[in-house]
Amino acid sequence: MHYPLGTVKRNIVRADKAVTDQLGQYGVATVHEAMGRLGLMHTVMRPIYTGARVSGTAVTVLLHPGDNWMMHVVAEFVQPGDIVVAAITAPCTDGYFGDLLATSFMARGVRALVIDAGVRDVADLTQMRFPVWSRAISAKGTIKATLGSVNVPVVCAGAAVNPGDVIVADDDGVVVVPAAIAHEVAEAAAEREANEGDKRRRLAAGELGLDMYKMREGLEKAGLKYID
Amino acid sequence: MHYPLGTVKRNIVRADKAVTDQLGQYGVATVHEAMGRLGLMHTVMRPIYTGARVSGTAVTVLLHPGDNWMMHVVAEFVQPGDIVVAAITAPCTDGYFGDLLATSFMARGVRALVIDAGVRDVADLTQMRFPVWSRAISAKGTIKATLGSVNVPVVCAGAAVNPGDVIVADDDGVVVVPAAIAHEVAEAAAEREANEGDKRRRLAAGELGLDMYKMREGLEKAGLKYID
Amino acid sequence: MHYPLGTVKRNIVRADKAVTDQLGQYGVATVHEAMGRLGLMHTVMRPIYTGARVSGTAVTVLLHPGDNWMMHVVAEFVQPGDIVVAAITAPCTDGYFGDLLATSFMARGVRALVIDAGVRDVADLTQMRFPVWSRAISAKGTIKATLGSVNVPVVCAGAAVNPGDVIVADDDGVVVVPAAIAHEVAEAAAEREANEGDKRRRLAAGELGLDMYKMREGLEKAGLKYID
Amino acid sequence: MHYPLGTVKRNIVRADKAVTDQLGQYGVATVHEAMGRLGLMHTVMRPIYTGARVSGTAVTVLLHPGDNWMMHVVAEFVQPGDIVVAAITAPCTDGYFGDLLATSFMARGVRALVIDAGVRDVADLTQMRFPVWSRAISAKGTIKATLGSVNVPVVCAGAAVNPGDVIVADDDGVVVVPAAIAHEVAEAAAEREANEGDKRRRLAAGELGLDMYKMREGLEKAGLKYID
Amino acid sequence: MHYPLGTVKRNIVRADKAVTDQLGQYGVATVHEAMGRLGLMHTVMRPIYTGARVSGTAVTVLLHPGDNWMMHVVAEFVQPGDIVVAAITAPCTDGYFGDLLATSFMARGVRALVIDAGVRDVADLTQMRFPVWSRAISAKGTIKATLGSVNVPVVCAGAAVNPGDVIVADDDGVVVVPAAIAHEVAEAAAEREANEGDKRRRLAAGELGLDMYKMREGLEKAGLKYID
Amino acid sequence: MHYPLGTVKRNIVRADKAVTDQLGQYGVATVHEAMGRLGLMHTVMRPIYTGARVSGTAVTVLLHPGDNWMMHVVAEFVQPGDIVVAAITAPCTDGYFGDLLATSFMARGVRALVIDAGVRDVADLTQMRFPVWSRAISAKGTIKATLGSVNVPVVCAGAAVNPGDVIVADDDGVVVVPAAIAHEVAEAAAEREANEGDKRRRLAAGELGLDMYKMREGLEKAGLKYID
């Protein structure tokens, strides 16, 4: 479905809250593996401070370069547990978001912002512990002149995001899990996680991955040559 | 006025010290807004450690790629409260500045370095709490073979800087305030700051920016469509 | 000597351990100076957490884009005190390395990883204090399908690395010291370091570098003009 | 709808051929305007030779970094008038496509390739007049080891592409028109084009855009100040 | 002098026309040398087609990201022989300029556009032989909502430009010559050019630069070692 | 072997001339495949004009950022059929090379320049048909103050180059073939080339690569799913 700029979709179907929260426990790398290595945002998206790990349901906003008008519009449609995902219609590093908007978002239960542009007041945001993943940090403010959209499908940092999808973000980046497969991905992630403890113990004891994963035969077949 | 490379201007008129210090309290984002959104350096300029906020009067130095000779020349003309602003005549990421120069600069009261190139010894600089905003971190040293200039107008990371201008730098970046308008900008910044407390309280209480800023009518006029 | 992809060299001659450790004390900037300003990796190589300084003997691994199969092969040939240096045959930011491989590497005495690509699980790696210098952070996993090589000469982030070379890495970046000149470089570094204490004291007392380094005559000869 | 990697959708609904061809006449800039400034790929996408302008219906292929296996799979499902749109699951500049694949594609009526990665044999492709828009040119070949997908929704260079959408590409870049609005966009583009001839004549005669577009009042209201 | 956004300076003093034209004959590399290696724009500025060489007097325009309103304002103040130099207040790659504006500029005698952003309709501009140097090519259009300035000092692609300065642009890039030193630079350029013919002949005859420039002694003094 | 900066190796062993010339016929993509996908320079290396294809024996030069002194030194040691490969000790885009040096190089039989930095006078170089592959085009000149080296092993644009190696360059980029395996690589390239004619004919006739390369079974085993 195609939405022209200037469209606000009021009602969206959010991924299940329990599953959303569960996905947050596994972290981005595990979730990305669990969903078949799709949905990762570009590595240019970095947290403004390290150590945060969050998950939430995506509320999307599409903005014009240098214009954050729709940031105020989206604030009306967020619910506790949401993560706002902001995409821009052309590359831009301006600072669309600062401590005032963060105050508003936090007051309404938003867990994080993921934005394919810049943010500012990062010292304040860090102190407030409002996590943001962004392409840039910039003190440059924005105008309020051109309409964008809210809760339409967007592309953010190379990943397609639909409203209601699960967003997981941590120091490794940001991954998008479509709402329809969130449950299935959570199960696959749980399974991966379950296996890791044993592997970690064996590797910590000095066992080689080569042996643990039984790779020697495959390497030999592929023609690996050992020389002295 | 055009100055050939190899010119050192001994005497410059610095912005008023009280105003310079006052501007530092507001931070880069507020100051940048207050001066009409001009004077911001490119977002590639990042602090070597987070949490520093400084202001000071610009002493400028223009250097050749890979050559930091003039860094030693500029040290003779700094005064307590200055920030050294270093521009390079072509793109370069070499490490022009390390703990020895920082020791010298600190001994002479310099508050920070802003350099459109690289610096090194950043672990030492961090421990010394000498703040630097730079384009790169590089262990690559520089030679001393070609003359540059001191206290001439320069372009640093995309911003024009005149000697004596006010520099404000924090985690959001670096902004340049021309000395002639420093007072006026400080007043505008103070006014912005004064308004923010009230706004922050209202937003924290859950009021929407849409209502607080009275944006609904404008959005409607612009044709914003709400759908379900 | 040219090695086709798919070659593992079991035995390498490592730089002397005492000299390797000694070089680590001086840090990257000093070592880079001491070896005549060669061997520095590109500044895009950044530590995943600040404050680490390590040195070690290089064990090299050459990998295919998006394929970390050889990471498991190299683990069999590391010794305590080694640093694994990973090069890729084409630009890639995928996450080749995470907490499981780090557990394995640490169990076998590896001191650090230097990789011209991405890594993941950086929150875990930080907590484990396993230092990594990389071009990117990415949750994107890798496959195990194509052979690379172990302990062949590689180019990592623009620097030529031979197995057994000394790697020094800290917040300033990564430098490679060929094993054959490690002793000589360590001596030169020690000498540089010895001189720095005195210089630091004099600069801290306010002496100008201009005078300490006796630069005034050279500047005058070069034609530096002072104006008012 | 979410498709796991390893899915080939055989049948897709293509945009109307007449409308697709019509859109190609207007060029990327006009079409992008006509559809409300959405759907443009990132400016990093450049033609391998200048002067080509094409439109066609998108057949999509999603590939693994460094792996062009699916390029051969997609060739079975193209029809005359199609443009192959290739997305990669992580950033990669490898050369996925050369003169042999181009020969195959041309034989099957494919009009162009749009790929968010690299291509090679560009001298041959230029001579064959097979137009390609790509992020890079690279002689680096790819392997055939990991499954991707064909005719699933993809994100290519920041733009969402669904199979059957209209792709328009020329020296200005690449734009995607959703099949569902192709007709409407073509009409809007035709209208824009119709107006341009008259504007061009007036501007060529020296009339100012200020007057032709009646901008003076708006500028005055906005507060524009003229000084001498 | 500081000008707030929203200022149009009607009257400027242009560099002498004869000198401006003369500088164009020497090309960017020679002029840049002749003025002491200052004033070069960043190498990211590339011509939209090769083979053009122009010079002209700078008329400056400062624009908001994504907003080309002032392009229409500047058109009123250009004179035959001018080059429009467009700077943006924050990084932006949008297409500010296309064939209609080019038609208008050509009708008024403008010789070229130099813009630190994107342009579009480049196939048309190439056919019209209207030369543009830009940072990007982008079909993305711009809005008309925010005031910028005309004929104020700007920083364009890292170079300071004052209205009336001489701009020289060719396949090597773009250089700015301050009006006050244009004559002196032209003389120095002429002198350089005069010397080059003889040098070229001697080098073409196989004479070494080493001998022609008498470099052997300097190299020996610097300690160059020849080995076999 | 480690060489300090300031070393000129007079005598090198060049790859066989016939083999060098033969490799040039195959082009970069074929040669890169034939040598097992190693030795390719970074894709940032682009020709200053399209359509050139050359091969030659590498004469290497290592230069300081912003300093082309050694370009004149290397000119004494080139022979007809050589390609000069220039590496820089730190990232730099300055214009190290222009029409005068090109005149000198051409007079001495040099076939091309490959430089990990910038060049200038590209309109002249194009007219002279002296091909250059470079990272940048820049009018910025260089000084002559610091020694580099000639005919030492270098890393150029990510590829290790030893003096005497074969360089092949065309519109697809630049590849390095170690002299010791040049003959073997030429044979492998010839074999690849021989096979391509038949493949091209079959693909041009509409045969699918899927069938020609017998990929269907492999894809099925890997689990490819066709849906409607």
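As written, the chains take the letters A, B, C, D, E and F, and residue 1 is the first residue of each chain.
As a convention for this text, a residue touches a chain if its C-beta (ideal position, glycine included) is under 8 Å from a C-beta of that chain, and two chains touch if they have at least 3 such contacts.
Given the structure is predicted, the values throughout are model-derived calculations rather than measurements.
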item: Common touching chains of chain C and chain B; value: A, F
item: Chain pair, D-E or B-F, that carries the greater number of C-beta contacts; value: D-E
item: Distance between the centres, which are taken as Cα means, of chain F and chain A, whole angstrom; value: 41
item: Rounded Å distance between chain E and chain F, as computed from the means of their C-alpha atoms; value: 31
item: Two or more partner chains touched - positions in chain D; value: 37, 40, 43, 89-91, 93, 138, 140, 146
item: Graph class of chain-chain contacts, one of line, ring, star, complete, other; value: other
item: Complete list of chain pairs which touch one another; value: A-B, A-C, A-D, A-E, B-C, B-E, B-F, C-D, C-F, D-E, D-F, E-F
item: Residues of chain F touching chain D in the complex; value: 27-29, 32-33, 37, 40, 43, 46, 50-51, 53, 170-173, 175, 196, 199-200, 203-210, 213, 215, 218-219, 222-228
item: Touching residues on chain A, where the partner in the complex is chain D; value: 1-2, 4-5, 36-38, 40, 42-43, 89-91, 153, 155, 158-160, 178, 180-181
item: Chain D residues within the chain F interface of the complex; value: 6-11, 49, 69, 71-73, 75-76, 93, 95, 98-101, 103-104, 106-108, 118, 120-123, 126, 136-141, 144, 146-147
item: Residue ranges of chain E touching chain A (in the complex, touch as defined); value: 64-67, 89-94, 138, 140, 143, 145-146
